[in-house]
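Next come two complexes, and both contain chain A; in the first it sits with chain B, in the second with chain C.
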Partner chain A sequence: MQRLALTLLLLLALSALFLGLRPHASYSAQDREQAAAGASALHPAGTDALGRDRLTRVAVAALLGLTGAVSAATLTTVIAAGVGVLAALGPSFLEGPLLLLCDAFLALPWLFLLMMVRSGMPLGTAPLLSAAATFFILALLGWPACARAVHAGAARMRCADWMTQGRAGGLRTTQLMQWHVLPRLGSLLSPQFLISVPAFLMAEANLGTLGLGVTEPLPSWGSMLLELDHSAVMGGSLWIYLPVVSLVGTLVLLELLVTEEARA
Partner chain B sequence: MRFLRQLGRTCLLVLLVAAGTLALVRYAPGYFSDPREMDAEHAATIRAEIDARRETDSSSRAMAVRIVQGWLHGQLGTSRQYQVPVGELIRPRLGVTARLVAGGLAFGWLAAVALAVPLSMRLNSAGEAAIAAGSALLLAIPVGALATIFLLTNTGGPTLTLGLLLAARDFKFVYRLLRAQWREPHLLFARAQGMTVKQIVYHSLLRPLSPQLASLATMSFVMALSLAVPAEVLFDLPGIGQLAWGAAMNRDLPLLLAVTLLMATAVGLSGLVCPPALTLQEKLEPA
Partner chain C sequence: MKRAFFSPRSRLAAPLLSVCLLLVALPARSQAPGPGLAWSLGYDPETFDPAKVDDQASELVRYLTAGVLLRVNRATGAVEPSLAESWAVSPDGRTATFHLRRGLLFSDGLPLSAADVAWSIRRVLAQETAAPVAEEFLRPREVSVEAPDAATVIVRLPARLVELDHIFDEVAIEPQNRPSAAQVTAGPFRLAAYQRGQFVRLERNPHYWKHDASGAPLPYLPSLQLDIVASDEQDHLRFARGQYGLLNQPSPDYFNLLARTMPQAAHDLGPSLNTEQLWFNQAPTAPLPAYEKQWFATTAFRVAVSRAIHRADLVRLAYAGHATPAYGFISPANHAWYDPRLEAPHEDVTAARALLASAGFRRAGSGSHPVLLDPTGHPVRFSILTNAGNAPRARMATLIQQDLQALGIETTLVALDFPALMERLMHTQNYEACLLGLANVDPDPNAAMNLWLSSSPNHQWSPSEKVPATPWEKQIDVAMRAQATAPTFAERLRAVKQVQAIVAEQQPFLYLVYPNVLYGVSPALAGVQLSILQPGAVWNIDTLHWAKRKP
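Entry: the complex of A and B
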């Protein structure tokens, strides 16, 4: 099941890459004659209310979403690993404050924190910068839960026999970390990374639905969901559901990947 | 004693959140900008207002002292967007959000427990795979998409939207907890001894799991507060979530700050009622 989900995800990413970067494909070019049109040879998935090619926009949104979520998940996992290991195995006076910091982040509902940070951006933020800022903010706010899990895992190692043996054998803390602790934490960090990717995609989609995600004309799954609001005036074209179907499909595949990894 | 320690920790957390939020708001690159500047008719007035704000908020310490003094006198500041005290905006909306969150939580928990108890007892591996797929599908639907589909098809309201999404999340955890519990030797023995399922569920399943379920309830509460924002916005429900969204869209940072702190306090207090949610998360996630 995991291999199938991974294969389908790779296929999806490759198709998005091919469709989004094909020659003459533009996510922002407007075809004024074909606004809110159904499928045609020129626009295989129709156009949006501004006459922009929906297939290209969905492909670019998928590329942007996957790249952003994977990058943010990598950053958040690195931060979480650093904070979690430092709290568990670093100087003892750091443990309390670091865990308190994690709890302070966790004491706020995510979306409120995201809305607050996102609304603090300057008014004229460029679209690409808004995308980078959105995923960067997600990464900066997403690490505490993962850090708590890493801390719990690393704290169990603190009293392990092999750790005592390593210390008694004269290994320095950095050597212990590099050779023993981090490789063992890999089995914990990998599901945490996989959990973060769909969580960030979902968070971006929710922010986008509220109009606080990636700014126009750059397409994102979140901002494209807003199109559903206009479905009543779009002549009943089913292609309007393409963004939501592609997003849900990707999230289901990622969720299956996470479930299988956790089971493994 | 334990309660007092937890209360102290909650107060400390809320203070930390307050300090962090204040710093975040004050040093945000867009703090001295206002969407009303784009309106040519009012641009000059708004710019004068921003200049005045730049004077008064130049020192973050002075700003913090002013805000805390206001809070101590029961004033949460003045909304930039509506030009009325923030408290007046929040008070009538509290009930709307409380009703939505309570309804969503009740629906989500009833559905999750009602499904998880029988399914965790009887399912084989094929059934488990089907449950995993169904749960994955529901978890993959963004709240905005579900709410829009309900609106377009006129089939459900904000409470159902919230309840369904919470049920999907809660079911996953409750099912996993119960599935592990059903395999415990004492439960197998109880079943072999002829105890009814009702007795087992009440005495040997739900009661021993109540600390974990209470922790999960805290997590659900936090999740419900987050989900309430898009639900209220899309269904045009005048609650705290819609107010926060309006404040975020219009950069009404005093209002957003007050709402965020209100949410942090609510989450902190819910943590007092239930044990810390992280205990459960830490138990589940490494597995």
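Entry: the complex of A and C
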């Protein structure tokens, strides 16, 4: 099942890559005479309210979302691993302050913080850069819970026999980390990473529905979901649900990966 | 100011009191009252003190509750007697004399006399009240008010004021020394209950002075419920279910949905007095590079940008056809002041490019991604700021973004929440261009003085100028002051047309569209006379009634 989910995810990403980057495809070009049109040869999934090709926009949104979420999840996992291991296995005077820092971050009203940071960004920031900044901020705010879990896992290793034996055998701290600690933490970090990906996808989508996510004309799942926030559009073409279908499909596949990973 | 007005104890007392009052009032009526009318307010009123009203929600509550000396008929524009049975303005325009109706009562049953009127006007004029309407008297501290007898009030002004009688449409008469924040009123309704974030409930004033032709007391409706609902979706659903009798200015998408599902309830009155506009930051203190300030201060640049914008597409795609292309600050709906002879800046990208070239701008690159360079070689790119959550504005900004690409101008769109946006506009001045709307409540251009005078903090493109920054801004100052004091309408009109011509030539604001006035009105609601003037569908609230329930 895990392999199937991974294959389908890869297929989804490759399709998005092909559709989003195919020649003459533009996510921003407005065909104003074909606004809110249904499927046609020129626009296989129809157009949005401004006449932009929906298929291209969904593909670019998927690429952007997956790239951003995977990058943010990688960053957040690295930070969490670093902080968690340092707190558990580093100098003892660091443990308290680092855990306090985790708690302080967990207590932050991150949505308002995110809104403040986004409002404070230079107005001329290019859409792609603002998308990168959004995911970067999400990553910076997303590590504490994971760091707490890593700390708990790493703390159990402090008194493990292999740790004592390794130290007695003359292994340096870096060698212990590289050969013993990190491989053992892998089973903890891998699900944390996989959980973070859909969490960041949803966080960006939520920000988009508040009008604070990725800026126009760059498409994102969030900004495309924003088009569906009222029943006035419900009577239109069924293709308007394509962003929802693609997002839900991606989240289900990621969920399958996480579940299988946890079982493994 | 946002607060619940009743303590827990008086919450019990208020309904009991209103039941008693209704029991007293019922014998005078031929039939039991019909159900009340409900609709939504987008946000909580800032205040219920009628003297301190400065926002649309509070303005609506004041309109529905306040007794005023004179009332402007929103259908005809004529000033009609209200608490004052008659009035006269002296030939020099400096003295207004009002004669009150006999037997006027406040909603608590106590008599209303000239002393109450004089006290209410003086309270509005007093510096400590800080009443926004006082500004309309221009020199409020020099205005004197007398009550020579119980039915006469004389107001003396230091100088002639245009449309003096219109001002009294906004001055609520309250009991002397007992300001009650709309709980004791002389208007058709009084405040019955308020729950912050939930609702404002008004109930009929049993002592309202007005009666219909058959002698039945007005208003017909026993109560009004104004729910605080910020969601168009909820608003629409409640109207569709019959919970609301009115739908006030729905978004174009919802209006189209309403027109499809309940065509008899959907009303598009055409262009409103409101404008949507784009402007560039020309404030000298703005933290922008000098070359950017130079672009924005260049008339040819502003006009070229304006000519590259396809307003018809904005109307069709951003407003689903429910708007009208705008080229000036006075809407064609404002028949008295609109100048149809003004030349509209027809969209013409070639002409726009020529204008830019004449100002020293040049195009680099070719194909589908040209870049516009200014005379010093800087690429022309700027951000357009707007408020988050306004779908038509977001769409307009995206359409303009593509329109300007044809000139080689690159723009980034930024949607901020309203407080962050206002912080940049009013305080830090840290923005390049802004797309926002302006709600014009009063058709008289005099009401826009605070926008056009260069010294005003609301002079958006360059607030609070110590002296006019350009000769044309000085000309606008002179013309606006002239229209405010001219003795005849013809002279005022001449001055206002001069301002329109200067604005069309200089384009400090790039006007985009006049959004249409849209309403949903329950077919069961009778007596509705829709108006483009606020408060729109309820301006004649005292005569609205349910079709089968009219007494």
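The rule is short, and it goes like this: the second predicted complex is superposed on the first by the 256 of 264 C-alpha atoms of A that agree within 3 Å, B and C clash if a C-alpha of one lies under 4 Å from a C-alpha of the other, contacts with A are read in each partner's own complex, and residues count from 1 in each chain.
The rule is simple: contacts are C-beta pairs under 8 Å (C-beta built on N, C-alpha and C of every residue); 3 or more make two chains touch, one makes a residue touch a chain.
Everything quoted here is computed from the prediction, not taken from an experiment.
Bringing the complexes onto one copy of chain A puts chain B in a clash with chain C. By the touch criterion defined above, A:115 lies against chain B and chain C together after alignment on the C-alpha atoms of chain A. Within the superposed three-chain model, A:170 lies out of touch with both chain B and chain C [touch as defined at top].
In the superposition on chain A, contact is made by A:191 with chain B only, not with chain C.
Touch counts on chain A: comparing chain C and chain B, the chain ahead is B. Look at A:202: by the touch rule set out above, it reaches chain B but stays clear of chain C.
Looking at the shared chain after the overlay, A:35 reaches chain C, while chain B stays out of its contact range. Looking at the shared chain after the overlay, A:217 reaches chain C, while chain B stays out of its contact range. Contacts of A:91 after superposition on the shared chain: neither chain B nor chain C is touched. With the shared chain A as the reference for superposition, chain B clashes with chain C in the stretch 457-465, and the other listed options (457-465, 493-501 or 511-519) are free of clashes. In the superposition on chain A, the residues of chain A touched by chain B in one structure and by chain C in the other are 115, 119, 123, 210-212, 229, 231-232. Looking at the complex, you find that chain A touches chain C at residues 28-30, 32, 35, 49-51, 115, 119, 123-127, 210-212, 215-217, 229-233, 235.
Interface residues of chain A facing chain B in the complex, by the touch rule stated above, are 1, 100-101, 103-104, 106-113, 115-123, 145, 148-149, 152-153, 188, 191-192, 195, 198, 202, 205-206, 208-212, 222, 225, 228-229, 231-232, 244, 247-249, 251-252, 255-256, 259, 262.
Considering their complex, residues 9, 12-14, 16-17, 20-21, 24-25, 28-31, 33, 35, 37-38, 129, 132-133, 136-137, 139-145, 148-149, 152, 222-223, 225-227, 229-230, 233-234, 244-245, 247-249, 251, 253, 256-257, 259-260, 263-264, 267-268, 271, 276-278, 281-282, 285-287 of chain B touch chain A.
Listed in rising order, the residues of chain C touching chain A in the complex are 232-233, 236-237, 251, 253-254, 256-257, 260, 313, 316-317, 381-383, 385, 388-389, 394-395, 397-399, 401-402, 412-417, 420, 430-432.
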